[in-house]
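Here come two complexes built around chain A, the first alongside chain B, the second alongside chain C.
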Partner chain A sequence: MKKLSARRRHPLAALVVLLFALAATGGLYTALAPADEAKADQGSSSSLAIDEGKKLYTVGCASCHGTGGKGTSDGPSLTGVGAAAVDFQVGTGRMPAQQPGAQVPKKQAKYTQAETDQLAAYIASLGPGPSVPNKEQYDPNGADLANGGELFRTNCAQCHNFTGEGGALSKGKFAPDLGDVSKKHAYEAMQTGPQNMPSFPDTVLTQKDKGDVIAYLKTVNSDEAETPGGYKLGGFGPVSEGLFGWVFGLGSLVAVAIWVAARTAKAKKS
Partner chain B sequence: MSSETGSHGTGSDEIVPENEKLPGEHGHQGHSVAVLDEDPFADPGLPPHEHRVQDIDERAARRSERTVALLFTVSMLATVAFIASYVAFPIDKIVYVWPLGHVSALNLSLGLSLGMALFCIGAAAVHWARTLMSDVEIADERHPIEAEPEVKQKVLADFRQGAEESQLGRRKLVRHTMLGALTLLPLSGLVLLRDLGPLPGTKMRHTAWKKGKLLINENTNEPLKPEDIVVGSLAFAKPEGLEREDHDFATEIAKAALMLVRIEPDDIKDKRSLDWSHEGILAYSKICTHVGCPVSLYEQQTHHVLCPCHQSTFDLSDGARVLFGPAGHPLPQLKISVNKDGYLEAQGDFAEPVGPAFWERG
Partner chain C sequence: MSTTTTNAPGAGAPGKRKAPAGEKVADWADGRLGIYTLAKANMRKIFPDHWSFMLGEIALYSFIIIILTGVYLTLFFTPSMGEIEYHGSYVPMHGVVMSEAYASTLDISFDVRGGLLIRQIHHWGALIFIAAMLMHMMRVFFTGAFRKPRELNWMFGFLLLILGMFTGLTGYSLPDDLLSGTGIRFMHGAILSTPVVGTYVAMFLFGGEFPGHDIIPRFFAIHVLLLPGIMLGLLTAHLILVFYHKHTQWAGPGKTNKNVVGMPLLPVYMAKAGGFFFLVFGVIAMIAATFTINPIWVLGPYRPDQVSTNAQPDWYMGFPEGLIRFMPGWEINIWGHTLVMGVFIPLMLLPVVLTAIAVYPFVESWVTGDKREHHILDRPRNVPTRTGFGAAWIAAYLVLLIGGGNDVVAQFFHLSINAITWFVRIGFFVVPVLTFIITKRICLGLQRKDREKVLHGRESGIIKRLPHGEFIEVHEPLAQEDLHTLTAHEQYRPTEIGPDTDEHGVRRKVGPVEKLRARLSKGYYGEDAQIAKPTAEEYKEITSGHGHH
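After this line comes the complex of A and B, so read on.
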């Protein structure tokens, strides 16, 4: 103790105290945070799910979206957005949002799938809206890739790029890369139009068409996507390809020319 | 006197007459002559030639020869590999190569082998030139390129004689008709410019939209109803009767392309825009008014539409007013309503020409 007291004026003492304080706060948060409380009763009936969802909602969502999902100045009303919107927003980690801003980015999901389903059940009970799609909808057998490509280029490519690489929008907003979006979430995004993305309801883009679009997307932009032309340099087209050609192609030619000319062939090195 | 001369340096030496030079000045005079002797612009000539290892040591020269030969041999093998891979790999064979990903085996092997073949020829040529070919510097004097006076006179005399013999000065009829023929000939080239295309006429002012034409969903090829389009959604429409198979489809859709959004009527700020909508369903031209790119990067919360080419931004809730970017005027809006069968229909053509401005647009 005396040793510790002797070093209390050490230049790094404040830093050590700060680290301890941060560790203590984080540890207390992890121990006492309510997120894991609602894990019980996963096999409950739908009304039970709604009740559990309401509890989760009150703790995690109501501060922005208001009691009963009526919305506040910090978050929109959730009446009628449907279970699909909740499954997308919470399942991709976008909600709960960390901070307000131009766009809420995706992150590690904060709720388990069971909790997400309970939240979705509660929000769906507030008003009719699109439900979570089933596997036959978002991953159909025998999808028409050519049709999917045609539809993607007509409806999606303007923002997400022709192979779904994403792109910039106005004032800090952006259309995300679709390479690692699960098929279910891609379907839900088209159906519900999260954040600034417009929605494509079944009346505009049919259920089968959505399946085709997803199949096309997974063919051109995923870990298994084939790029016969070689490394695609981000898939952004002539900008990255031209930049690579000018900087690395021409640059290596210049470097080789300098290297050749800088080495003398003479026996007596000057 | 002597000190004055000395202070003026070499320049004053020329003024002093030869016979007035005093013995005391001699040392100074001699010094300035010595400076003049060193011509600062003298031709330094070529530096002494330095030998290369290969010039001195025959074994080193043979090593260089073998290196060059090896590079040429590698190039030959690479060309054989190019032909072999063209024969061996089917065009749709995909292989995984780190870090390129799943790439075509044919493209990759053709590129690598051809690159190797070309690079080895170049590297061999450079190595050959640097180590084996003679590197002795050679001077070659320049010569004046002007012709001798006699040759010049002969040429001019020949020209004058030719002009005389052609009788161009005497036969005026020949001269005038020749000038006429040569003046008219370029007109034939000018006439061919007509083939650059027929004049557009009023085509740029009209699209395929007419009163009563249904709005056909581009995705489903079915006519759209108001209830198909919900708030926040985006749909694209083409005029009834225009099919993908039509030979003029591309020409017509390039002008008629339509984007449909639905905004709560209370949020629509522009009065005319609201009147031309149907219960908040707004139909705008999809063609940017700057240089005609398809503009449909729609942000459903801000109601902004962004053009991907030059970032022109339009506010669809305010008559497609230009918020940002080089676009000169708002996107034209199509007046729509619902027919007796409940389908959306156009109330006429666009009120103004779609797309970029042109000279006579007004």
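After this line comes the complex of A and C, so read on.
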């Protein structure tokens, strides 16, 4: 205790106290914060997916999208958006939306895959639209990576960045990071053009092209992507590199300089 | 006689001792190069010790590292915009049509032994080089080391920074990837925005329409030959001047404006500097071996019809990027000509931002009228106006960097990019002013603290209860050398305009320049700009009262 009180006027004392206080506050928050318990109850299985889907729709979606998917001032009409759009929006947790805003972010999915399928079946019954792609479409064998890369840089990079790390759009909208998007959802997104994204139907990007783009994306930005140069610092380009160069590059060199300067030759005692 | 030769050692003049090998070599060299006088004058050159004096060394060493790695890279790089189809070892690029420059950079990254590591050392080294130069310059600025006789060396250093920026820009563009190609396109647009001559200059530089086939070979010549050549010359002059002026030092006991207290170049600084070179090399190599920089293989070859978000230049070109990003897209159309003010005004502001800091030493010496030599450094707090100005410049620079990276900032902090742009538009004018005021106040506060410390001693943290119940904190008086250090600085009086009439009683004309100078001087050294440092009399008066206050 005496050691501690002797140091309480140390120039760094305030900093240490601040660090302890922050650590304590943060620790308490993590310990006491309420766990996310909101979960949709597991619906009983039904032989008629559309009927079940309609029930789910009435409870979870109709308040914004209107009865029968006709749309209201709070949400667009869902007639003709197809099962692929539902599978993407509900499957990535974007729908049901938490709150209106510039863009609805992805979050943990609120419905199981079975429920999502039922919802998709119901919405698909409202009007013809793109259906959920199968594995052969979104994960083809022998994809052309070079073609995928060219297409990605031509059509996707201006919003999603070179390797799909995401980017900012106007007024708080954004193109999300594509690193953890499943191949199926990536295909559906291109097919249906969710939210602020333009759609790339088969007439624009053929089924094979979409497969190539997805294969390229997985090569450069996913868990299995190789980074031969070492850690990629977020992949945001020169901004993160410059910040890193200043903080860790020059920062550690200054630390080394201080260390060298502190070690000076001492005159020998005669 | 002299015609007889013998191989037997020691068989020459009898009684003469055998010279050690080192002496022989030195003797041989002196006989041919005359280095003895040079070495005698400089080997015992004294350098003072402080970590901040080593920031320039970081810049110097990273420059050497960049040259070494750059030479290696030129062995394998093809500076050509001729188009070829790629069939090297990076599979996702197979069959893609690209320039030879891009293809050879891919080869350097994947097929040349050690190529990727050397490339990354070169690029990280460049980022750190320019950062170190800027930081070195800030050290010189805030300590007043730019004052006479070092103004010219300040200008040399400033030119090195500018040349470093453009060497970096041209080098960053060489791989002809989609990111740097966008940067060249940006530069092309900026040149085009210049009224009257813009189109001609652009056509001349690019050898025709954008992108043409000339820009990469031309940038290559500029990057490896022209700019580094000039930089090497300037750097040599910079170092010679450091030797000639001798190094500045912090105030302290035994240190005067006429001496330098420190360690000799040989052996102490040779060992220190040599060791420090390898430490700098080690740190940069370690970073380069661990963290990717500019992964051109995922960026793709440049094609004018493609663009990506997060398209920024390297950090040192971030502030021009910020200038252009925060500028509204104004246009003036007259007589069938378009003046793109949205690009041209930022282009003109770029030199203004840089010149503001470059000419500062001359402005300050004009305001103070001080023509004496200064070899003792100022503590930043003791010159609040200069420190405030420097901090304001850094603030403006940082605001522009935020503007230059507005999309990354927006994405990372989930903010609206429009809000950030508006923050930068207003902040570019407001934040420096606020920073100036706040920094000045902080400096004055620190001066008051120094004054307090000198007069009343250091707070010991010991609370004493007096017999009549009063509690006081015991203050320990400072040691003599600390008292000296805290009061060694000189305080200027503001210059007065002088009497209205001359010696004949005739009304003197006071020009606006003289008035401005007097006002500036008051801003620098008036009552609001510095706290009078304690005098010896004040100190005696207070300390004679047995430390009770």
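Everything below uses one rule, namely that the second predicted complex is superposed on the first by the 216 of 270 C-alpha atoms of A that agree within 3 Å, B and C clash if a C-alpha of one lies under 4 Å from a C-alpha of the other, contacts with A are read in each partner's own complex, and residues count from 1 in each chain.
We take it that contacts are C-beta pairs under 8 Å (C-beta built on N, C-alpha and C of every residue); 3 or more make two chains touch, one makes a residue touch a chain.
Computed from a predicted model, the values in this text were never measured in an experiment.
Q: Quick one: is A:Glu224 in contact with chain B, with chain C, with both, or with neither? Answer first, second, both or neither.
A: Once the two structures are laid over each other on A, A:Glu224 reaches chain B alone.
Q: So in the superposed three-chain picture, is A:Pro198 touching just chain B, just chain C, both, or none of them (first/second/both/neither)?
A: first
Q: Contacts for A:Val260 in the overlay, against chain B (first) and chain C (second): which applies, first, second, both or neither?
A: After superposition on chain A, A:Val260 lies in contact with both partners, chain B and chain C.
Q: Hey, is it chain B or chain C that touches more of chain A?
A: Looking at chain A, the partner in contact with more of its residues is C.
Q: A:Lys232 in the overlay: touching chain B, chain C, both, or neither? Say first, second, both or neither.
A: It touches chain B and chain C both.
Q: Which partner does A:Leu169 contact after superposing on A: first (chain B), second (chain C), both, neither?
A: After superposing on A, A:Leu169 lies in contact with both chain B and chain C.
Q: In the overlay, answer first, second, both or neither for which of chain B and chain C A:Cys159 touches.
A: A:Cys159 sits against chain B and chain C alike.
Q: Is A:Thr206 touching the first partner chain B, the second partner chain C, both, or neither of them?
A: first
Q: Name the contact category of A:Gln108: first (chain B only), second (chain C only), both, or neither.
A: neither
Q: What is the contact status of A:Gln99 with respect to chain B (first) and chain C (second): first, second, both, or neither?
A: neither
Q: Based on the A-chain superposition described above, do chain B and chain C contact any of the same residues on chain A, and if so which?
A: Residues 154, 158-159, 167, 169-170, 175, 227-232, 260, 265 of chain A touch both chain B and chain C.
Q: Once bound in the complex, which stretches of chain B touch chain A?
A: 50-56, 94, 99-104, 107-108, 111, 126, 130-131, 135, 217-220, 225, 227-230, 232-236, 261, 294, 296-302, 304, 306, 308, 311, 313, 324
Q: Using the touch definition up top, name the residues of chain A that touch chain C in the complex.
A: 8-9, 102, 145-146, 148-150, 153-154, 157-163, 165-172, 174-175, 216, 219-220, 227-233, 235-246, 248-250, 252-254, 256-258, 260-262, 264-265
Q: Looking at the complex, which residues from chain C come into contact with chain A?
A: Checking each residue of chain C against chain A gives 49-51, 53-55, 57-58, 91-96, 109-110, 116, 120, 124, 127-128, 131-132, 135, 178-179, 263, 268, 272, 275-276, 279-280, 283-284, 287, 289-295, 297-300, 303, 305-316, 318, 404-408, 410-412, 414-419, 459, 461.
Q: Which stretch or stretches of chain A touch chain B in the complex?
A: 151, 154-155, 158-159, 167, 169-170, 173, 175, 193, 195-201, 203-206, 209, 224-232, 260, 265-268, 270
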